[in-house]
Amino acid sequence: MRHIRRVLFGLLPIGVWFILTSSANSQMSTAGPRGIPIPPPEGMTPEVPSPLTKEPEVFIPLPTKVWAQDLPNDNGTGLVVIFEKAEGETEEQFYIVLIAESPEGPWYEAVRFPADTSFKDDYSSYFPGFFWFRKHKEPRTWHAAVISEVSVGERVIPEKGKNYYLKLLAEKQGRVVEYPQLMEARTRVNWFHTARTNNLIFAVIFGAVILYYIALARKDPNLYIRKIAGLEAVDEAIGRATEMGKPILYLNGMDPLSTLSTLASLNILGRVARRVANYDSELLVPSKDPVVLSVAQEVVKQGYLDAGRPDAYKEDNVFFLTEDQFAYTASVCGIMVRDKPAANIFMGYYYAESLILAETGATTGAIQIAGTDSTSQLPFFVTTCDYTLIGEELYAASAYLAREPRLLGSLKGQDVGKLFIMIVILVGTILASVGFMFVRDLFKALG
Amino acid sequence: MKKFLKWFLSLDRRIIYALLAIAVIVPILIPLNVRVYPTPEVTGVFDTIENLPEGSNIMLSVDYDPASMPELYPMMKAIMQHVINKRHKLFILALWPLGTGLVTQAISELKEVPGNEWWTEGEDYVFLGYKPGTTLVIMGVGQSIRDTFVKDYTGKPLDTMPIMQGVDKLKQMDYLVMLEAGIAGDYWIVYGTEVHDVPVGAGVTAVMAPQYYPYLQANQVNGIIGGLKGAAEYEALMDFKGKASRAMDAQATVHSLVFLAIILANVFTVWLRALERKERAGGVG
Amino acid sequence: MQFLKKQFPIVLAFLMGMLMFVREYVPTDFAESVYNWYVRWDIIIAGFAGVLAIISLVHYHTTKVRRRVPGYGYSIITLAAFWVMLVLTLIFGLEAKVEGGLTPGQWLYNYVFLPNQATMFATLAFFIASAAFRAFRARTAEATALLIAGLIVMIGRVPAGDEIVNFFSRLFAGNEVGASISTFADWIMNNPNMAGYRGIILGIALAQIALSVRIIFGIERTYLGGGE
């Protein structure tokens, strides 16, 4: 162990160097030259067409209600000009917003769009409204000209917490008119993303429900939980392996530790390790991800320790194969064919290799138990394994095996959440079918 | 007869494997030229690229590695050729490290195709390369492509490239096509295209295609090219016969073989059961 | 030591979990820098763990070879491949170029690694065939429904399905019906398949939230290697 630690400390400066250089890199580059300074527009009224060309006069309608403000729900570097659709505007007409740091200029073009685009409704992330009233109320009436990242020489404006001056222009067939009023607005850092209000509310409620049931389970530990055949079979598989004197193969899936199914799988591994240690059989855990490997080693070691058999733990039985998907698969298949484990347990997230693993395992005659939330691979496991934990059962497994009331309580909370979703789907579908969209809008991801 | 039925129903898997190998190899040697009918899922992607005005910005996310190459590579080449034909601008990036090799291979192969001589790096396309941290890269591209990648795959600074002038954000893309063999596609939808309102088409392995139908129904993707069949449909829409179309022959024979095997196995099971019942009835009578 | 092993990880998991939760709802640069910071830590930890993994790999196979465990020949191949690739890429680099020649590392990637990967993937076809042969037996009513749906989707996924239908429709009705089977297969994928799929997905999402809550609040701690 000591030499490993020495290697790690040796690598520390490299890590520090990495942090320093990567943060330096991110500051180096600049944004593109989008806003090129343009001279201020000449007249405030429609240009008078030259009598020589005798073109018909172009009428350019201007909006009447216009204002500028900070862009909501952004990091403080955005402004927005909001104005009501002008009567008689056509798609040939363009709106242009100019920005300057002082009322005298210089002016830079910040945004330009045709009059039939860029409405407030198009920016649900910035203007969520009150979720259920947002839709169908004056749709596409208010234009929103979102201003962000205008290059001014070396700098990019708007910057945080500064005042800017804005002009609204309308252009049609080469002629430009200007909205008579100069606008001023200040950028502001926003600390709450209002478009995610619904998400936050549901997250908090659901989290609270789960915690409530966990607390409840502590008081009343006799919670009913339905039998999960796949997990009942774990004991059978371990027993069989002991009888045959063959090892048990346990895979944690193909994803890194940050994937929840990998964490769920490691939780189950801890429970399985404890039982295996009790039965005194061998547990093989080939790993694909280095971080998962380190955690798996700890988990298995602790499992043996909890069972009072620290002597039976062999570090070499939890080992690293490779990070490559199919090389890993080939290697695991090799272990299956050569060592003929009595039981193969596949937990976690799998990809295309699932069938290769499980079908090879089936040919060796092992008892196979799979558990995954990878829906596209579920059919393969169902056909080739003796037992398959489908989706949420994988997450319930650790609680199920532990039989610990607190963990079981969270399952109950989950069920309440499920009931809630079922009701919402049912009610929402009925309401949407008769034209009331507010339930749907309430659950919409806006930003 | 009973013996034969029993033998067939407990057929050694190696015989099935051998038949399968024959069913793959023969049509490759003797092409059958089966026709391909494009489905609406594939047409969705094709039509988007087809109907965008010339010079639109298309982003291609290459999120697979050589293991899925047989399915996704023909698809990638067909899409790239389509983009070239329509003279769109192409921004390629890889969220899987081993995808980069496939991109460079496709680029050099496409450059050899007659008619593609004008297609220039830095003007008509840029290959941004690979960056680790899938979701971070997606969010970064949403903020600024230049800040996220700084240089292209070969180390040229992005700032000086004509193709990058005036383009720096995901939302400036007119279309995103993602080629997926893993989970990156879900991240694109959650952290990228939903937030920045960019239409997406998904090219995925056949196994993953069912996973993308909910996205299609929720309009979170506007098309799915599923596996080799999808790639063949795309080639059919483009009116050219590439690797995928040629492979359709083999896929057709293999599917037919498996189809036949399943039907026979079921018919024989029922038959065997009937025979046994008759025998038992005869024994009693 | 006990604090470092037991309480500290739980406190850390709680703080980090809450931080990542809060940043979801904060649109400022703070949210982005928290994420960047997290990803950097992730990369650093993965780097260290990578070293551990390599030590594990070399140790595991060297031990096997030394003890002459049956099948140790495979370990020799693994070790040889590991060292060859490592040494060659350290000397010549793995810089990929769009034009120009291949480095030895790239050559190995293109002509050894790539075909090997494709081969492993291709074996799937064989496994699917034998699995399908066993799975699709009409033993019960449910299995029969699965069988029929499976057959339609399978044949609808290749041009042969439409060709067969068109052949018969030409024969009996005199005209072609186009992409009939594949459209039906798509309907199955789009409706009954998706209904079930969504149910599973919702269950998974809820279970993931529940697991996250258990981990953030330190109720589930098996993954830390700690018992109760």
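Every chain is named by a letter (A, B and C) in the order it is written, and numbering of its residues begins at 1.
FYI, a contact is a pair of C-beta atoms (placed from the backbone, for glycine too) under 8 Å apart; a residue touches a chain by one contact, two chains touch by 3 or more.
Remember, predicted model here, so these are calculated numbers, not experimental data.
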item: Highest C-beta pair count, chain pair; value: A-C
item: Identity of the chain that, by mean CA position, is farthest from chain B; value: A
item: Centre distance in Å when chain B and chain C are each reduced to the mean of their C-alpha atoms; value: 16
item: Centroid spacing, where centroids are CA-atom means, of chain A and chain B in whole angstrom; value: 23
item: Touching two or more other chains - residues of chain A; value: 26, 325-326, 352, 375
item: Set of chain B residues in contact with two or more other chains; value: 13, 65, 67-68, 210-211
item: Contacts with 2+ other chains: residues of chain C; value: 32, 36, 42-43, 117, 120-121, 128, 130, 132, 197, 201
item: Chain A - residues contacting chain C, complex; value: 4, 7-8, 11, 14-15, 18-19, 22, 26, 73-76, 189-193, 196, 199-200, 203, 206-207, 210-211, 214, 256, 258, 260, 263-264, 266-267, 270-271, 287, 289-291, 293-295, 298-299, 301-302, 305-306, 316, 319-327, 329-330, 334, 338, 352-353, 355-356, 359-360, 373, 375, 378, 380, 383-384, 390-392, 394-396, 398-399, 402, 404, 406-407, 410-411, 413-414, 417-418, 421
item: In the complex, chain B residues that touch chain C; value: 11, 13, 16-17, 20, 24, 34-41, 65-70, 100-101, 104, 107-108, 121, 127, 132-133, 136, 139, 143, 153-154, 206, 209-211, 213-214, 216-217, 227, 229, 232, 248, 251-259, 261-263, 265-266, 269-270
item: Contact set on chain B toward chain A in their complex; value: 13, 65, 67-68, 144, 146-147, 150, 158-159, 164-168, 181-183, 194-195, 197, 205, 207-208, 210-211
item: Chain B partner contacts - residues on chain C that touch it in the complex; value: 32, 35-36, 39, 42-43, 96-99, 106, 109-110, 113-114, 117-118, 120-122, 125-126, 128-130, 132-133, 136-138, 147, 150-151, 154-155, 157-163, 178-179, 182-183, 186, 189-190, 193-194, 197-198, 201
item: Residue numbers on chain C that touch chain A, as the complex places them; value: 21, 24-29, 32, 36, 40, 42-57, 59-60, 63, 70-71, 74, 116-117, 120-121, 123-124, 127-128, 130-132, 134-135, 197, 200-204, 206-215, 217, 219-220, 222-228
